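Two complexes follow with chain A in common, the first pairing it with chain B and the second with chain C.
So, the complex of A and B:
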């Protein structure tokens, strides 16, 4: 276990370094934009004197490294600064949105991951059968349509008839059941979008192993095909499967802007798009950093989990 | 044998798919096996040995099919029985031991879990199964039988895994076990222990066995009868002693004669050695693989480096070629120290020493024609161009006994294993080197093909005055071609000198162990050897 702890700490350290590089990138990119915060706030009619005064007030006359330092130390303490558009603290604005985004991502993952694994295992078990072809064609069609198209088709089928609401209205004191009900359509849309990738990786990882000598050995021990796939192939195929699941979870957190917009879901993606439109740079920076952290954390968990599934990494000679 | 017939195969045909066609692998094989009898099946690679072994379980690999004939196991027609019925026999009444136990154990599960899998399915209690596993591990002379099952395959050595796999095959006390080259991947000294353990357990449990191998001397120890296969057909079958004493078919006689090649003794060398390896210490990471390794190679002579896997044989080659700079010591060429790293050696020096590899398959670029494969070193080292290059490639092809006109434009995939190894030789020769390092160059080849390669290397040496450094674990090869022998163990030189001296007693203890472990072609060799060793101990 000791070696694993060391590995987790190493990866965490590397993750911090990655986030530092990303934060410098985000900060640098906003520095490259024409104009600065002061001119944005005051508009085109501002006099040079008022601009200079506001710059001093906001600390914008200081050199970039100092301003980065001030921003970064704030972020580490949970203080993302104040939104330019609403004048509210960004941290407060993000808290509820982040919760909504994570809820939707987990909901979609809870539907998509088991579905993808089961379909992947079954298509590997019955490869080249009719079931395999139908499942593959279905998954590929779902991933090939644009997300908004899938969303509108679902609205057409399931919301027009009044079974599910087409717009998500969340209120703070909603029960879990109601929440799951009103967010069902966006979750289903995301499920259809991410299942194909995970399913096909599961299928490929298992089939890739089916030619191994230890699988032939299992067949010659007279084991049933299902047992061979579940007990002999799957444990050795877990590492690539975990990696692709983590990648898709990260996508569910960061890449769902279109779906949020279609269903008017109050998540981070929509906030980001709104903030870009309003040139609310401070909010965009904060969200970009959160997305980067999600990627780093999920990839870290994937690395650790795939190590845990591999006895060769866990127990040396 | 007078026992009741257990397995009866008649006129068996198996085909393998090649693109759109089905090509025959087995063409009308008959086989009869009685209870408790051991049948040895011998043949070169591609003869259909493994296919026959698997067919005895009613099994055909993906891309193969049993296309005709009759397989009866204990009265059950395996071809007419549905798959479910055949599955019920496998692992329970017919078990299989694969060639590479390291690859055939599932890396994700402990040995004992893999052992218990089939017994548990038959309704045995876990505790009973585990207790029997320990008994069998002990019978197979595994160290720490109570504990070893709780390790993962990667924590156990190859020889131990092979024994654990035999124990696993024994789990349900099967009537028949198929052994498919169970000792081929092992070192000679390890092979002895595994052979003895397998022979004893098969005898104790009165299990019938089909023992598949390409090694005649091994099968002579194990089998009651021997069947010889060639290209999917039977050549002959007889009781082991009768077969060894008087083989009938020409092919069988040629198998027996393979090891007859021997290089005439060379005069003792004088003067400065071509290459002198001096007090080398080298390794990877924190570990030293080689410690204080020194030996000389004289022009026109063959130095064989022998030892088990892990003894540091190949590391020596990497140090001489400059792929692995040593930590201490030096390599002299004509008395002058070579730069330690190959990147620091000018082309004129690099040219002097060329390599031939074990796996000709992976050592040749599959996309290049033989013209380019052989031509490139001639172009790079000697600056040959155009017609001169073409003429040289043709000359080299003729030298390795391949007809230039029909071979020069072929790709490696259009060649047999032996021919590919010849191309490896031609490529090394193209640089006009003075030393060629041969790293297990015959290990992947059948015996008859091996002999052809050895004869070719010998002819080239006499014509061109080459020196060879021959790395091998096969002592028969050493006997055939070496002038000098360096015996290595754990990265150190245990013994070295001219072949007649090293091979004549008194030996260093390790040399003695190595030499006495090479199977001999008499049925009583294993029994005699074990009796002698235990008598001493």
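So, the complex of A and C:
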């Protein structure tokens, strides 16, 4: 058990370092500007006085490491500063939306992961059958479609006839059932987009193992194909499957941006797009940091989980 | 239900079309390429055909389009008729003409971006593999740090900072994708650098440029070409998504992503016109994927035979 703890602590340490580097990158990106943030924001209307005033207000008169320190300590305490466009505290703007985005991502994940695993196992089981070919061609096409195309096709088929609403209106006192119904179309869009990749990887991971001698042994013993796949192949295919599931959950994070805009869903992605259009850098930085942290954390937990499923990976040094 | 029937018809029509395209390719190509074309699966023939059509439309857009790209030629949201085959858009511009010009703009910009990302990424990646040592370490750690941020999020951040114009769009996406190309190019080149002929070239006293251009690149080309196809799909989808979000190619330039966004309201009234530019994007990505899949299969198949 000791080795496991050490491994987890190592990965956590690595994750903290990554997060630090990512936050420096997100903060430091504004330093790439020709001139500085204040002159960019004011543009043509800049006078020396307004420039100086804005610089003091944004703290630009201080050196960058100090500003980073102030920003980072604020973020750790849940204070993201104020929006440049509306002067409201960013934390207040994020609070509701973060919950909505997490809800949508979890909803999509709850639909996509079981679906992808079942389809992946079935296609591996009935390899080269008609079912396999159709599923694969469908998956390859689904990967190639832009998210908004999938979303609008779903709207065209399902929302136009009034089965599901094409715009998501959430109210705070909505029951879970209503919420699931209203957000079904965006969740289904995300599901279709990520399922394809997960399914293909699950299939590849299992088929890869099917050639190994112990599987042949199991087949010669006369076990049923389903039992071979579930009891013998699947446990050893878990590591790559967990990796690809985490990768796709991380992909959901960026996928929500487009899907939220299509369905006018009040989440982080929509706020981010609005803020990019308004060039509200403070808000964009805050949301980018949240998305990037979620991405890092997902990759980290995938790493830990897939190592746990394979004892050999822990002994190897 | 109508969609299912439409899809079934599309598949049924595309099978004989791609079969015919393969026959034509076998007939007109020189002999050694014709042999490759004969063994091509139908999906790949379909992909090649679609790509050829897109390139043709993009090159000859001004000749093919019935109306100018930016001119208002009718009232808003006219339905399909004999003058405006696909109707008009939100401002009364001809949809078909904008769709045709969109091939030039959207595909052209995506291609330029991918080419730039490849130029920067692969040269840096091969250089890092060739030199090794601190240069390799610095570049690789820098790329690792950039890759820890999701691509779309990082692009959005950079677009906020530098503003949205076509030039910044190309530079930002190229920079983000160059990190991915760097990774591939470096790992491919690392396999090549240890070969004896590189050692021989080094002993002859050849410079870095000669080593990269004449010794490593030709031997690393096959995986890089497949990667180019996949990377093009990613870049193309990213640019379309950004344009759809209103942050990419700006109006009045005709572009498929923003055409979907501008006319999206029509979909809720049961009009399929806004789906056409989105479908055009999807069709090209599917086509490129089919060709790349075939290339990858060919590469792996040859390896199996040799081993």
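A few comments on the model shown:
Keep in mind that, in the parts below, the second predicted complex is superposed on the first by the 291 of 317 C-alpha atoms of A that agree within 3 Å, B and C clash if a C-alpha of one lies under 4 Å from a C-alpha of the other, contacts with A are read in each partner's own complex, and residues count from 1 in each chain.
Throughout what follows, a residue touches a chain if its C-beta (ideal position, glycine included) is under 8 Å from a C-beta of that chain, and two chains touch if they have at least 3 such contacts.
Model, not experiment: these values are computed from the prediction.
In this overlay on chain A, chain B fits alongside chain C without clashing. Here chain B and chain C are compared by how many residues of chain A each touches, and C touches more.
When both complexes are overlaid on chain A, the residue A:275 reaches chain C alone and has no touch with chain B. When the shared chain is aligned, no partner comes close enough to touch A:133: not chain B, not chain C. Seen from the CA centre of chain A, chain B and chain C lie at an angle of 80° in the overlaid model, rounded to the nearest 10. In the superposition on chain A, contact of A:169 is made with neither chain B nor chain C. The overlay of the two complexes leaves chain B and chain C separated by a minimum Cα distance of 7 Å.
Remark: chain C residues 3, 43, 145-146, 148-154, 156-164, 233, 237, 240-241, 244-247, 257, 260-261, 264, 267-270, 272, 274-275, 278-279, 281-282, 285-286, 288-290, 293 touch chain A in the complex. Interface of chain A with chain C (complex): residues 18, 21-22, 25-26, 29-30, 32-33, 40, 137, 140-141, 143-149, 152-153, 155-157, 159-160, 166, 250, 253-254, 257-258, 261-262, 272-273, 275-277, 279-281, 284-285, 287-288, 291-292, 295-296. Those residues of chain B that touch chain A in the shared complex are 54, 57, 59, 61-62, 86-92, 95-96, 98, 100, 103-109, 117-118, 121, 152, 154-155. Of all residues in chain A, those touching chain B in their complex are 211-214, 216-224, 231-232, 235-236, 309-312, 315, 317.
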